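Paired with chain B in one complex and with chain C in the other, chain A is shared by the two complexes that follow.
On to the complex of A and B.
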């Protein structure tokens, strides 16, 4: 295995990376050949449907299991009374990525919709009716939902193990030195991932091994989490997850229904399929917790920040502690001699929140960008000029140099493309030809460029083609394609010569598809695996007297298009197949690893950046809003596949639009139940909501993030966009957003 | 889900016989009934699929000029019919402003009348709802009621009827043809849906066993074609129910409004015909003050039923806007964003 922990010299990728390759799995998907978890139906399978708690808090007093069992087709009902023992406590958090989950451990109700019993039946219809017939009787307790009713608490951590409070510099001195102080309070609502594919699992036990089809963003990492519940070895869990219909963080973490399905399969001795209904996705599989954020920005006479204090009260469940780390968005974005980011918690009777696309960054950036806009207004400065005056040349939180930061170029390019120059300072100054109010707003995008750890294997085959393998997760973002492009470059092969296997826990660990670090992590592993295989091949060639490359030094040989050739003398070359044939090898395998270099990580702050510009049209009497233009310019390191990267950035920006103007889960404050738990009631954007969108990328070479120079684009686009739209609404109407989504009645 | 018998009768008589069972439900496009069954709100023991009944998928012009729309005409088909869309542009616009392309392909015009409120508490079998379960109360009254009724509501129920289509139909005096065990009868569409009063569970005038057979637009309804608009306010620019909507149609002669037809949507348990405002407009010249006065008259009785007082102002404003748009003339082409106040397509009038 090559040691890729050495400080990375910039790798020269081959001809596959950088190409706008269409999705390799696209045809399979549009023709229905791609098998998602719920498409599996093994012989003898039972259907599982769980009944959800009809109250937000209290106790299940009784369940009519008799009625359910009497329904034709119902085979078994699992309740807290008869649920078999498990080897892991579901209320223990055995792993940093393990949440407390609901698997019928008691009759206590912690949130509406939590599983109270599982019905197994021969058909989906019978299981559904069986679950309905259980008709739980509940002894309810008063529900606590909303910041006014929630129980305040001091958090030990926020996000995944992050500090709840961080500060740099002397805040008090900073505010004392300020010419003016801008204070802003903004609320963001509970939001749900709403992946197109519902959470699903098909579980079966085969000779003591647990075989699972389920969408999963962290396939190998999840094995021990399943295994612990059943007292088996991680190797005895086989997870198959070739395709995900969206994950956004909600499929990275084990959830209760998954364990229930595995348990039911063990108890019944039959394969069991459990597919959440859309309504059931609002509860046990995470969401973005609500926040109430307060920002104080001190600025001097020149409009430079003297202090920035950002506090978020983040809502979580009554029983677990994921807090949206919203305030941390202020730690790395703008230069200020003093910054404080702090959090406290509010316990609600809801399912536990979790990471949802840009967790913390999305909510925090929304509030920060609105506050920056107000501070710019107060300082009498154009919002872009104000941001440029507060440009962070080094990471404000750590003082470290950025590994790369082409944000200035993003501002310039985005502003130019949008036509920002000439924007009137005061709101309500622009109208379109039909008399509608027009407004322009902007925001800065920022998202960390992390890596997890991944392994990969690349196997050259006798015919000169190759098989590359890693247990990566294609969530629809295009990992099947972008990773195959990197793998082909690592091998010096054309994409068509590479067979890419992924989405299966029996393969080398591909790491987590999360944190926008999947291409960087799994890609690095794949590239180095290919390089390892090629290095072995070169060794064979140069040591073989029969090779035209005999005697050449390793460094003098180049691999390209399935051939090894001498640098500077391409006439001395031979095919991979020829080398393998002479060596009598059917295959030659290389291994690779992807991880961040600790030296680089310690020396640099690593982020993707961008600038988003928005135009909205607002009806002057009725205040319906339409985003007429969104222009984003992003710097995110090396772009492996411009088509897919643009698509990812579009997705983030459109998500930002939904955040700004539409997305909100509404709970009934008495029952705790969702009142809009479906896609008719929970609005996400439609095509008509956005007349024009552009996502530009600024070239950025980053020799520190990893050998490939890859950052990430999955979450970046949401940040910046929410604030840009809210600021454009202000510029059109003179009304500042005080809560998201911005609703018509907020503008009346 | 609950098991049920599925029947697909070939004749109206067979259908009516099957529907004499009080546990039977009539199925059109299924875009609402099937949802309600999955939610556990509806649980019929018998589904009577009407979609094979002969002759109900036609749009016909009768000898007296009446246009008759069979109950099984699909929501997508009606606005696509050139003759219909030209004669009743605001009906076409209302249909195209509703739901999504996929839903309109499945949904039927008869089913559109019969759809249930989308009140979250009606759709939640665990909630108190007098409309779904008489006598249980109304959880909406003190619950999430931002988009509930501002007209014609009662303490028993504050739900709205969600249809766009019915709003211009009510304005144009459409007639509902009803078939039942006792034969055929007809009713004005504006009276077809019941206001809640004490008995919120009675939502339409249909008696048990009756079905909607057709809708009729009377002769003269097409006289408004040159000055007719449907406008719909909502946060999402497509695939969303109205916060408020308005249908406005004018018959102008020599610059004077001879006759006005107005209705509001999203405000009550029925499409809300605004007759007082219509009377006020007759004989007036189209002008912003006139439209504002008409809007005020239309909303004179309005009252918030919860956290929805903002809808009263919006309903007045959208009615005035629809009147102004109608006075300016029906657009020559269907707007790219039908019903939207934010449409950007060419608004050259066809008949101004």
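On to the complex of A and C.
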């Protein structure tokens, strides 16, 4: 019996997958019963609040720890002076998901808001006041923020370990052959995840084990990251993360405040709760780094690309290296005989950026789609027609066939639904009933379909029900529901017969909720675990003379609705419970693994695709921009739960709107502090910002991505949408976006 | 120094001796009464995650001090549903998938319940969008939220008329 069982080829799923099941965790969420990390309050708990650096660069000269300690309720203050030794260097990058973090290792300030001291108190009120009383005095140094002041450097990698420069074909020859060349420069600002749930941790030490409640997108994988700091075994870290109040990439990376809370719990011998304030969410927990992108598009007389060069200067911190891999968006989207994607870095005195919903794809496709729109205009072609002329039949970067690509159908369906036909070519031609300028724009969505690695266990029980287990992370995408549907199908059971345990590091490793690959990966593990259990059950039945299935070949037996039956003769059947009872088994467990083999990964290019169409209305006097319609059509392999997938696509499109028109972190270039580090100053979309939104899905069968045929929908929607909105603004006003967000002043 | 206050939360009277007048209504509910369904997203009145009903009115609980609530009738997400089921807004949220991560959801639902009680009849979706715009949903579940609120509002109107 292999203990990790992975399905070999495209499988037929049962009756649970594909159903628009409402969320299984929904009742808990709508009644206030779902427990997020900060809702935990163990006996004897202390509150921790940290004071942040009031300047972007320099040194903390003094802290008034006396004042803090004198405040009633304050128990302890940790500063670089008295902070206990840790077993891991916070400036080592011990793991691909371990950034350099600030945990009071010195008085040096690397960015505004970095922790400079931690206050522990009996109440939140006392800890908050204690942190304020510390009143750090700093010796500031001039800050370097912005592309003009940042320190340029050559990138060794971009994103998570990707090559900083890739090229295919002969770029020079391509540009020489071009009839015309379109050049575009576009800037995207620092953006912050701003999950509604602030980062939070409740840490306690129990008999040498570290027990943590914290929202986490990579539950089992994070254990060693914590363990290394405290010199304990990964198995001695227990992470509980049943619900994440949004993550968007920021809760996959270990952050400094988490380690500080664990340390404080060890030092005080009491459980410690640390919840970031909203303002503290702008610093130590990542963001989307700013980019300054340059694109050159060569086109021939028919409007076909002859060369495409995309360069991004991506901003990062002064001390770490995550660079937004923006230019790579140009490697897989449109056909061109020559493509180059390259990056360089710019060091700023800010917190280190990290992955944020569609890292690289969001920023890169925003710029690419704007550039494509300009090139279409230059070629005198309708933007959709221009994209169709440059349709990539094979992956431009590798020449590989796509595992599946229903993008043409997305274009057709989306355009039809939107009513794209008849769009005037020139800008400024349409008005609505209120006299507002109307514009229509479009963009292509593209996101890779990666898989990580996951394990799962499925246990049939004597009563015919089953327990399935994997440490998956539900940050809102619907893992509690979609994964249970897949698991039920793997077991040949109805959803109601399956108990699903998840979100806890004591369970089999559910992989990472990231890269939009969680359903594919954890789902594959769960499905194969179920199949493994059923295969064992079938063996028991066919070898048992008392079974109506005795003597049947393993292949001839089907599992459905909790029964085994002979293919073609349903009269020969029996329940799971009967097989187990005769075998004298209380339980029967199967194991499964989800991963993609290197051979499968190398054989095809694997992406989800889509097309987004936007309508904006612009006030002709005030230039206020309102998105009046968004229509997206997406192809992302098999959709396990259409209700939840639609929500994910909406979410991405709403993020696209925020990117296009609202989101921007602004730094004071003297102090380095954020001037809009809260939800009043940093604008994210609210309900009234969007009038109408539709997300259509195009059926797509993909036998290559994984046996389930599942790609991913979590990040797809933001790509395409940003460009579509910016291009619609141009179509309304004749003004091209040169930076995001597009603001009123850009249209004057 | 302690402050004695009496308030009713979800029908249960609480006589409290508050030892700290800095405690907000939100932190009182969450940390001292164990009602953690009400969420903190910003602690600044900027997100709506902490919305509760105080004497029938929507209120950002992070902006109110607990000591000011002497005599108040408070309803939180834990107390919204009737004993035998769900409040119509809750049911509509489930059906319309009006949430993803669920963190803003208690605030959205309380805000919607307040909006409907204030007489919004669900006929004008734009007014619902405006009325719900004090509640940020970073997951972007706005379409489902608007549809859910409109449906619950229509139901409330029909029932009131019946």
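The definition used in the following text is that the second predicted complex is superposed on the first by the 740 of 748 C-alpha atoms of A that agree within 3 Å, B and C clash if a C-alpha of one lies under 4 Å from a C-alpha of the other, contacts with A are read in each partner's own complex, and residues count from 1 in each chain.
As a convention for this text, a contact is a pair of C-beta atoms (placed from the backbone, for glycine too) under 8 Å apart; a residue touches a chain by one contact, two chains touch by 3 or more.
If you're wondering where the values come from, they're calculated on a predicted model, not measured in any experiment.
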Which superposed partner A:30 touches (first chain B, second chain C, both, neither): second
Greater residue coverage of chain A in the superposed arrangement, chain B or chain C: C
Partner chain in contact with A:668 - chain B first, chain C second, else both or neither: first
Which of chain B and chain C A:275 touches, first, second, both or neither: second
First, second, both or neither for A:106, with chain B first and chain C second: neither
Touched partner set for A:436, first chain B, second chain C, both or neither: first
Contacts of A:587 with chain B and chain C, given as first, second, both or neither: neither
Partner chain in contact with A:82 - chain B first, chain C second, else both or neither: neither
First (chain B), second (chain C), both or neither touched by A:688: both
Partner chain in contact with A:398 - chain B first, chain C second, else both or neither: neither
Overlap of chain C and chain B interfaces on chain A (superposed complexes): 125, 129, 277, 680, 685-689, 691
Complex contact set, residues of chain C against chain A: 20, 22-23, 27, 30-31, 34-44, 46-47, 49, 76-78, 80-81, 86, 90, 93-95, 97, 99-106, 109, 126, 128-130, 132-146
Footprint of chain B on chain A - complex, ascending: 54, 72, 125, 128-129, 132, 277, 434, 436, 617, 619, 621-622, 624-626, 661-662, 666, 668-671, 673, 675-676, 680-681, 683, 685-689, 691, 741, 743-745, 748
Footprint of chain A on chain B - complex, ascending: 1-3, 38, 40, 118, 120-121, 124, 126-127, 139, 142-144, 146, 233-240, 243, 310, 313-314, 317-318, 321, 337, 340-342, 344
Chain A - residues contacting chain C, complex: 22-23, 25-36, 38-39, 41, 123-126, 129, 193-198, 243-248, 275, 277-278, 474-478, 643-644, 646-648, 650-655, 678-680, 684-691, 693
